[in-house]
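In the two complexes that follow, chain A is the common piece, with chain B as its partner first and chain C second.
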Partner chain A sequence: MDLAKKDERLITVLVADDTATDRIILETILRKQGHRVLSAEDGEQAVICFREHRPDIVLLDALMPRLDGFAAARQIKSLAGEELVPIIFLTSLTDTESLVKCLEAGGDDFLSKPYNPVILQAKVKSFFRMRSMQRTMLEQRDQIAQHNEHFLQEQTVAKQVFDNITSSGHVDTEHLRYYLSPLAVFNGDVMVASTTPAGNLMVLLGDFTGHGLPAAIGAMPLATTFYGMVDKGFAMSDILAEINGKLKSILPVGLFCCAAMVEMNFRKNTVRIWNGGLPAAYLYRRDGSVEQIKSTHLPLGVLTNKKFKADPALISMEQGERLYLWSDGIHEARDTEGEMFGEERLLAAFAQNTQAPVLFDELLERVKDFVGQGQRSDDLSLIELLMAPLSSAYVTPGTEQANSQSQLAEWSLSFEVKPSSFAIFDPLPLLLSVLLEVPGLRNHSGTLYTIISELYTNALEHGVLGLDSSIKDDPEGFDRYYQLRRERTKAITEGYVKIDLAHSTDMDGGSLAIVVADSGNGFDPAARPELTGNEYSGRGLKMIESLCDSLEVRGAGNVVAATYCWRNDD
Partner chain B sequence: MSDRQLIDHETLLTLQEVMEDDFGHLIDTYLNDSEDRLTAMQKALASGDGEALRRAAHSFKGSCSNIGAQTLVAHCQHIEQAAANNQLVGLETTLVTLQGEFGQVRHQLVVYQ
Partner chain C sequence: MTVTSTVTSDGSELTIVIKGRFDFSAHQDFRGSYETLPVRPDHFIIDMTDTAYLDSSALGMLLLLRDYAGGDASDIVIKNASTDVRRILSISNFEQLFTIQ
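Presenting the complex of A and B:
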């Protein structure tokens, strides 16, 4: 037997023929060509031999005693399973019917008599190559299946982690409806929503570039930053800047997050919205008109914080009006022909809507109908925000009572904000974090935030900056008011707002005294009755009074003192 | 008729090249096989077993083809075809001719050995 080349595996060929002459010829040719040859004199022997030696290629005579070639071929193919064992029929059969019979039995080719060594060699080699290729393919298929299983496992775990992080604060409220596909995070979509201490609803919808795990990774810092800061009462612009900075520093170039962030103020019926790279948000007015809030910023994670502008637009929203946010999944959903859903169809859905409360479902249905049997519509993200009064069922996100020994009980602090800080510093998160150190106050953080923030805003805007709240009486005045506020805050060089907090405890609970004083000229509450109302322009003192145990305007009206009591069993 | 070249010279030369020292053994094997097949064909025809006749003729045809005995191949083909159609009448003559020509092939093969 010739030695096969080192790099070529010895090919084992089984020859089954009951005619010794033909068998001997084949065996000799194959051996001379360097193959290992096994012989069988009938179909039965062939099957047994195959089972024992698993040859690479089988040459079968069609007509043999005991078990003919057709039956042997069937058995061998079934023994081989998914492994490719080429069967070449040795035949001088020429009629089509017989040849078809060979093929049906699992034959891959024919070799006719008289045997031609060159043709035989070509067939053996090419079938062996085919067999090797198929074997490699099977191995790779198994590998891929293994990798895929592994990948799915990882994805499941990752999804759990992401879900835990991103949904930790999802608020269950009538104000918010959303649709996110189950694997949205792997499409790069992320939604986070939480309630601020003041009772506002803060929502951020993000769409990271790319797909899969890389797209999902940015969702973690985004979500933890969002929840951490919203809970502590940070302003939307601060949160946006923080997230932007974080994403900018951790994400590689080219990976960023198109996002829209919204803060719904249900007491003032206003909404702050910032859109960086997402499709225009739609504000569905009660008169049926649609206002688009287009992206005016670059996505998060692109600019350094020096260049980043977190200046949300402030829009007033009437009760019953709805705001829609979406990632580009809806606009780019394709039908079977590859056409995109697009903005026109979206606008048509709004135009044809007759009942605002069902628009959300209509939108989803339209997109799903449009996509039909086409590409799976699994990267749709849709959010609906409804302006409506806070229901009484609303509760502050529960903060657990820590049983720590080092708890604040009796203390006071005095905090003064000076002119250069007015524009850039919000004292609320700082003060609130101190208040949260008092276990008894933790569950009151929402109310306390509202009280202090109202008093501080009043002191700053009306006291120090001397802004006249009546400007805000009509919606157009809104913008003017805030424009003035910005200008004056920047220009101011004198003045202060001083916040004194004093806390004491007793048997049943404790009380917090809040005194906010400003450098302004004050006002006479009796002479300005509208200031105690709850109009847009009101100082909201009446509302604060309802939250406190006592409220007192002192001095010229530039000092307001509030007392807030809490009980252990609250 | 006995002078007629019943074997394809080229086929046999190729075979000789391939088989080298085993060529003699191959010829012996062929002659043995052929005797067996001819006996089987006679028996099948005598008992009127068309299927057995067809199979034997087919197998004999194959080895004759490999040896290059083209005339024998033609006779086998004729018998195989007739047997497949179960028309056994008249096949005795063909079988006798086949036997006669096989005798001559045997004779001529000796030359190559």
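Presenting the complex of A and C:
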């Protein structure tokens, strides 16, 4: 609508002709057709008039005094700059040479005398339309350029932020080589790598579905979770589960992350690997054979944590052997014909390799040669991991290492519940949240909960409250027991339950000592009745015995000590 | 912790769903879910999909239900228990008393 309106607005036409009669005839026709007319008697006036009034269309007589039409046309065109100002030469000249001269001076068309009003009208209208279109085009071009500049600026900033987050812990080690093409971030590829407190190298390569900012945004929580947990010494399965849960909760359905995670243990020469949706990783053996570690899991961010399986495969690797990870960028790199690089070419690269240390470069070279000028190859990601002994500078040996395994390696805690709290306070969640700060204990929360909760319940019910399990011998007694429990917890004014936790670590794991003491009279463990199987009570201690590494009843029977051991490999 | 139960229209099957921690605080709700029925159902299903944790008093409650349901002749299925819960059940050899699925 706007465009049509614009088209119909008054068109301003500049007429420059030194012959008064010709000029007046032309002016009259134009005015009759509804245009606004400016007039000039020679080229110089025409240029001045153009500068002042910026007419839409210029009609120029070729031969004029002072400044002829050709020179005037050149000046007007240069004044107009990018703007399209159509110049129509008024001429009775018909020889090709003169017409060429008009065109060279910047003329767009000719009008010959005597003037035909219909042809004149057609030319003015069509040139004005052309001028409007060109003006619109220029505006849009400027807008696009501005948007593009803005977009690139945003990408640069986003990339900086992204790089700062994802590369915060990038390790500089002979064990890891990687290539990530510069724009891979915006194709959804992300690599994070860090060293665990025990000196293992953890690497995760992810490939988010989709591309651009949404994919890059998903990489942020992945990277922060990864670095946070690796530094604290959490197990690979915990880290995977945590990242999976986080991505599942924040990403929209349909956006997820194909990923492979690897943990290299340089002391034991083993590698743990988990592959969820990435192309098979290649393990390049010393005898030249290739073992493929295929994806056996769903990508991260698809399943709820309940169904998610983080059970990495454990493979042994000899020194000098190499493991390769990649996103599908290599397999799907296309040549000029549109053919994909594919797995066969990849396997051929391994088969033809003679020196393992240069395979990494050979692979990249081959893909680049294959792609040639064909297509951009900006989503290539390639990682090489080498099994080799740790250099001494890399890991501090001995006890220092064991201590650095976690902020919470050696500690103890004493916690006492007083009478006024028995009825309203459950110490279990609080104690458990402390235990979960120890990375090695995280996998054992269920068991630990059971042990501490049974010990606490026994201490409270039988010790402090003096309730006898035998009350629970029949269904009614069961009710009576808990009725009594409620009444006595409310009424109690003295007594305590004290829980002591002490934790320590060694190279392979750690142990937690749990001591629960109460103010009661204790009991004689030897006098515990044998279970026949169908009693409603009496299972607590037996359960704890089978969950712990040791269980001991001390003192008068009002102190129970349990020890729970865990190993790094659990 | 919540205990909810549904019984089939012919009254022959009772499903008890336990959410959260299954410990002594559940015992009234748990007993209420079957003791208030006009007819004793033949089949019982305990759905532990969302049971976070089970303590020894809960084991006692399961045995109470078993006795109510006919002791050795009872038909009780415990289903969808998590690994932690399953472990506690198996430490006490409850597989021999209940059908654990």
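We take it that the second predicted complex is superposed on the first by the 384 of 570 C-alpha atoms of A that agree within 3 Å, B and C clash if a C-alpha of one lies under 4 Å from a C-alpha of the other, contacts with A are read in each partner's own complex, and residues count from 1 in each chain.
Note that in this section contacts are C-beta pairs under 8 Å (C-beta built on N, C-alpha and C of every residue); 3 or more make two chains touch, one makes a residue touch a chain.
As the structure is a computational prediction, the values presented were derived from the model and not from experiment.
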Exercise. Which holds for A:479: it touches chain B only (first), chain C only (second), both, or neither?
Worked result: second
Exercise. After superposition on the shared chain, which partner residues are touched by A:92: those of chain B (first), chain C (second), both, or neither?
Worked result: first
For this session: Using the superposition on chain A described above, determine whether A:115 touches chain B (first), chain C (second), both, or neither.
Result: first
For this session: Name the contact category of A:78: first (chain B only), second (chain C only), both, or neither.
Result: neither
Exercise. Touch check for A:540: first (chain B), second (chain C), both, or neither?
Worked result: second
Problem set entry | Partner chain(s) touched by A:32 [first = chain B, second = chain C, both, neither] | first
Exercise. Which of the two partners, first being chain B and second being chain C, lies in contact with A:19: first, second, both, or neither?
Worked result: first
For this session: For chain A, give the residues common to its interface with chain B and its interface with chain C.
Result: none
For this session: Give every residue of chain A touching chain B within the complex, in rising order.
Result: 18-22, 24-25, 28-29, 32, 61, 63, 90-93, 113-115, 117
Exercise. Hey, which residues of chain A end up touching chain C in the complex?
Worked result: 446-447, 449-450, 453-454, 457, 472, 475, 478-479, 482, 485, 533-537, 539-540, 542-543, 546-547
Exercise. Within the complex, which stretch of chain C touches chain A?
Worked result: 23-24, 27-28, 31, 53, 55-57, 59-61, 63-64, 67-68, 82-84, 87-88, 91-93, 97
Problem set entry | Complex contact set, residues of chain B against chain A | 11, 14-15, 18-19, 22, 25-26, 29-30, 32-33, 37, 55, 58-59, 61-63, 65-68
